[in-house]
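You will see subunit A twice below: alongside subunit B first, and alongside subunit C after that.
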Partner chain A sequence: MRPWSALVVLVTGALVATLVHEALPALVPRALPELWGMAFSPPDRFGALGPLTGSVAVAALALALAGPVGVGAGIYLGSLAQGTWARLLSGAIDTLTGVPAVVVGFLATSFLLPVLRVVAPAGGGYGLLPAAVALGVMVVPTVEGFAADAMRAVPADLVAGSLALGATLEASVLGVGVAHARRGLSQAVLLGTGRALGEGMAVEMLVGNAPHPPALLAPSQTLTSVLVQQFGLAQPRSLWAHALAVLGILVLALAAGVSALGARRA
Partner chain B sequence: MAWRWLLAAAVLGGLAPWLLRSVPVRIRVAGSTAFLPLVLRMVAAYRREHPGVEIDVTGGGSGFALAQLQRGVVDVGVSDLPRAAPRLVTRPWARTPVLMVVARRLGVTAIRRSAIRSLRGSSRPVWPGTRRPVIFVERPYGSGTQALVERWAGPLNPRLRPVILGANGLVAQVVAATAGATGFLDASDLRADLVPLRLDGVTPTLANVAAGRYPLVLTARILTRARPGGEVRRLVRALTSTRAVAAAGRPLGYLPP
Partner chain C sequence: MILSRRACALCALGAAALGAAVAGVNVVRGALFALAPGVGGMLAASLAVVILSLAAVAPPALGVARERAWSEPGPVEAWLLLVSATPALIVGMTALVWFVERAGLGFSLVSGALGLALMNLPFAALGALQAVRQDERSAGTGALALGVPEARVFRDIVLPASAGALARVALRAAARAFGETAVLMFTAGVEPASASPRGLMGGSATLAVRLWYLTSQGQGTGAQARACALWLTVIGVALALAGRPREAPVTERGR
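Let's turn to the complex of A and B:
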């Protein structure tokens, strides 16, 4: 097993080293002020602050939508659900896991944007909100999976004790089981956040990609939407390519930070 | 433990020449999405005549083609960007009209260049004769279509928030679904629910492009890293044949240079 784990460490290290090497020319004092802007708009503006704020806002919004649904479904499937309904719900969530990001983006473009256009015609319905809704749909299975695992890890004696004292099954699960599994449940939400921060394709299709400060219902940018749209376009060894590598490091740092927080809670 | 790794390396090393011999010639082509239908049509014809050659075709845009050619990731690029490409060999290839489109239900069928420039320069653009706001659907920096549009119609007011999309198909879908939206497309992406506007009174037809009357014309070039040899050279020669471009291109809305 050791060679394989060493390989994982090596690949991760190589990934970080490559990104840092590619980003270095944009991190020198002369180029650094460029990164403080709110707009990433080549060929002359490479502000990372706007896309960074957009990414954090989209992930937070997605988790606000998907967190309660995912945790609720996890609690239900991990400790209460039985029979046909449990299999049906579990199958539906498994199916959701397999839907590619581009399909989620396409469905949201077809069904969600027309509704949002009525509310905000000037922005065409694009912005952080549709991206967050699509991300929320994609994140639910991740949150549900970890939440259900956390609930399954609750010792049966605890719930049985509560039942023996006369509490109903629902009250026992919610009062005793959830209290015991709260670290695992918050870890599920954090891992969902990591997933939301790293997703690019669906976000690129729905956020609008305008180089402006982030807005709920007006075209905006996120780190991953800029990366998806521009990574292949940038000329090698240009400030544009180096600035994109900085955005890549920011995505990596955010996702790694959230994962580390999740691991500490486990 | 180490002897297993050595054995695996020896087996792979021994098999490598045989594995490499059995890999067919593979050519990678990428570039302007506006000219992708023509590339696909001509490559399909080339594949039929040269069955042993594998050709991968992707879009990605002109900027993508230039960047990937310089990285050595693709062998043949298609670019409609006007900017020079250092260390790349370029050959003129094909032309196509760029259509300014709006949703059919908007009711607009023609516009003058001065009106477009004024709309793009305004901070609150509204379609003339209506109170409907104009939503600009643009392409990312690095797109040849976007560069042409900005040269002809002027830059957008910096206070406007355009929707920036990477794919022609998405531009068509969004403009068709949004009364008030406008974008620029090549002829092959035109849908029944979109209207191509007459620009300065000229309809976007191949005849008007050939006569030099239609103002928005995208010209594509075929690019390679150095003067290519072998199969790549044969493919480039087949792609740049004026007669072949005319035959394959006309039904799709393209003309030879």
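Let's turn to the complex of A and C:
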């Protein structure tokens, strides 16, 4: 391997190694009290299961909201859209890409939470639901982008053959094109899931950050919300910091694992 | 001689470019304090870390592109693709350990810029690689076949031909860095700089970090939070739109 490539691989590898090194003291048996508990609340409770469940639930919810929109937009832009509508929709999605996560979180805090507060006044509107809505908005461009690419990769002959048999354009695209691109479309959803699992800021602003079991409309925790809130507060080399590094490894494993799975399906 | 004359010249050029970037950043910071009272300091800090991070990430990204321009995609690309999925939050945690704690840089704009460079490194390297592979590789291959040295082919043929695509990669990297919060809250701090511009070794909240901080403190309805959100949206969207790839644009969206 040549010098610059070796340097880049080394630096990025060291990033992962540092995280593992920081987590090692907490990975010895019985180092962390209640590791599989539902609440991460130092100094006496280091339960990873609650935040882990919260992360998976919020990503699944976000994909339930963003998946159909992103895949639908991808199918439309990748095979059907032409002219002004295509440019408008494409431009809108590109614009959405440029809006930072923290602004999405800020907008959801300003406009979504007050509405949810009416529905669930006890929890102040916080919970997995508002976090999933914000996350869904952020994930749409990722899903749409890969879905549109998958549709563009469908051989034109397949759709032309269907048209020649008398099917309409919409029926040909949906019946033949989508069937051919289904691996690519599922890859788009997986890559969107990978992004949703790793997102921290917007989720932290909306999830409520209370060490309770995950709930749709009550303050909860996710892996990333715990890390955003606590990593800067923990004393270096303390059990708390090591426990947070364990949560970091879980986030990395989930996000990179799902993304790698998505990339392999391509 | 351990270092060739050319390497010395390159080092001197790099040092001069970095010096010019630091001086330029300080001038821009001073101007922005005057132009945008209230959030001027944060806007200046945001632009400073973005410029410095791009200056730090460009040499390795271009280096990888030069080395692998004529190679088939292999383990390096696979590894970069895998680590490019690393969440920014994880990069921020590592940057805190490396730059703030171990290197002793503390909460500073320099730590923030290095953290952003670390975050953008796989993305920029992959983007640069795609850019130089897309444009005029065949012309470069022809020159190589005629015996022109690889470095010269890259400098004189590939780089000029792919300048537009490389600029768009840089703009997309800048868009990612400008709106980034997780890396900077762990490296540049959450408190805004005082009324006068401080050096790059001082900590300062960027627009994104300040917006997160204000919203978390229940002050998300204030004028400062709204000003931060407006600047972040306008500049973030402008950078993302300017950096849209010309061909197959959708592949890069949302990364």
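Definition applied: the second predicted complex is superposed on the first by the 252 of 266 C-alpha atoms of A that agree within 3 Å, B and C clash if a C-alpha of one lies under 4 Å from a C-alpha of the other, contacts with A are read in each partner's own complex, and residues count from 1 in each chain.
Operating definition for what follows: a contact is a pair of C-beta atoms (placed from the backbone, for glycine too) under 8 Å apart; a residue touches a chain by one contact, two chains touch by 3 or more.
Keep in mind the model is a prediction, meaning the values are calculated, not measured.
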Since both structures carry subunit A, what do subunit B and subunit C do when superposed there: clash or fit? clash
Now for A:L217: first (subunit B), second (subunit C), both, or neither, which partner does it touch? neither
Is A:P236 touching anything from subunit B or subunit C once the two structures are fitted on A? First, second, both or neither. both
For A:T109, using the defined touch cut-off, is the partner it touches subunit B, subunit C, both, or neither? Pick first, second, both or neither. both
Touched partner set for A:A59, first subunit B, second subunit C, both or neither: neither
In the overlay, answer first, second, both or neither for which of subunit B and subunit C A:V251 touches. second
Could you look at A:V99 and tell me whether it touches subunit B, subunit C, both or neither (first, second, both, neither)? second
Decide which partner touches more residues of subunit A, taking subunit B and subunit C as the two options. C
After the superposition on A, what does A:M205 contact: first (subunit B), second (subunit C), both or neither? both
Considering only the listed stretches 4-12, 22-30 or 76-84 of subunit C, which one runs into subunit B in the superposition? 4-12
Give me the intersection of subunit A's contacts with subunit B and its contacts with subunit C, in residue numbers. 109-110, 204-205, 228, 232, 236
Which stretch or stretches of subunit A touch subunit B in the complex? 41-43, 109-110, 113-114, 117, 121-126, 204-205, 208-210, 212, 215, 218-220, 228-230, 232-236
In their shared complex, subunit A is touched by residues of subunit B numbered 60-61, 63-64, 66-68, 70-71, 132-133, 135, 137, 140-142, 161-166, 170, 173-174, 177-178, 180-181
Counting only contacts in the complex, subunit A reaches subunit C at residues 1-5, 7-9, 11-13, 15-16, 18-19, 22, 74, 77-78, 90-91, 93-95, 97-103, 105-107, 109-110, 138-146, 148-149, 152, 192, 194-195, 197-201, 204-205, 224, 227-228, 231-232, 236, 244-245, 248, 251-252, 255-256, 259-260, 263
Using the touch definition up top, name the residues of subunit C that touch subunit A in the complex. 59-61, 63-64, 66-68, 76, 79-83, 85-94, 96-98, 101, 118, 121-122, 125, 175, 178-182, 185-186, 208, 211-212, 215-216, 220-221, 225, 229, 232-233, 236-241, 244, 248-255
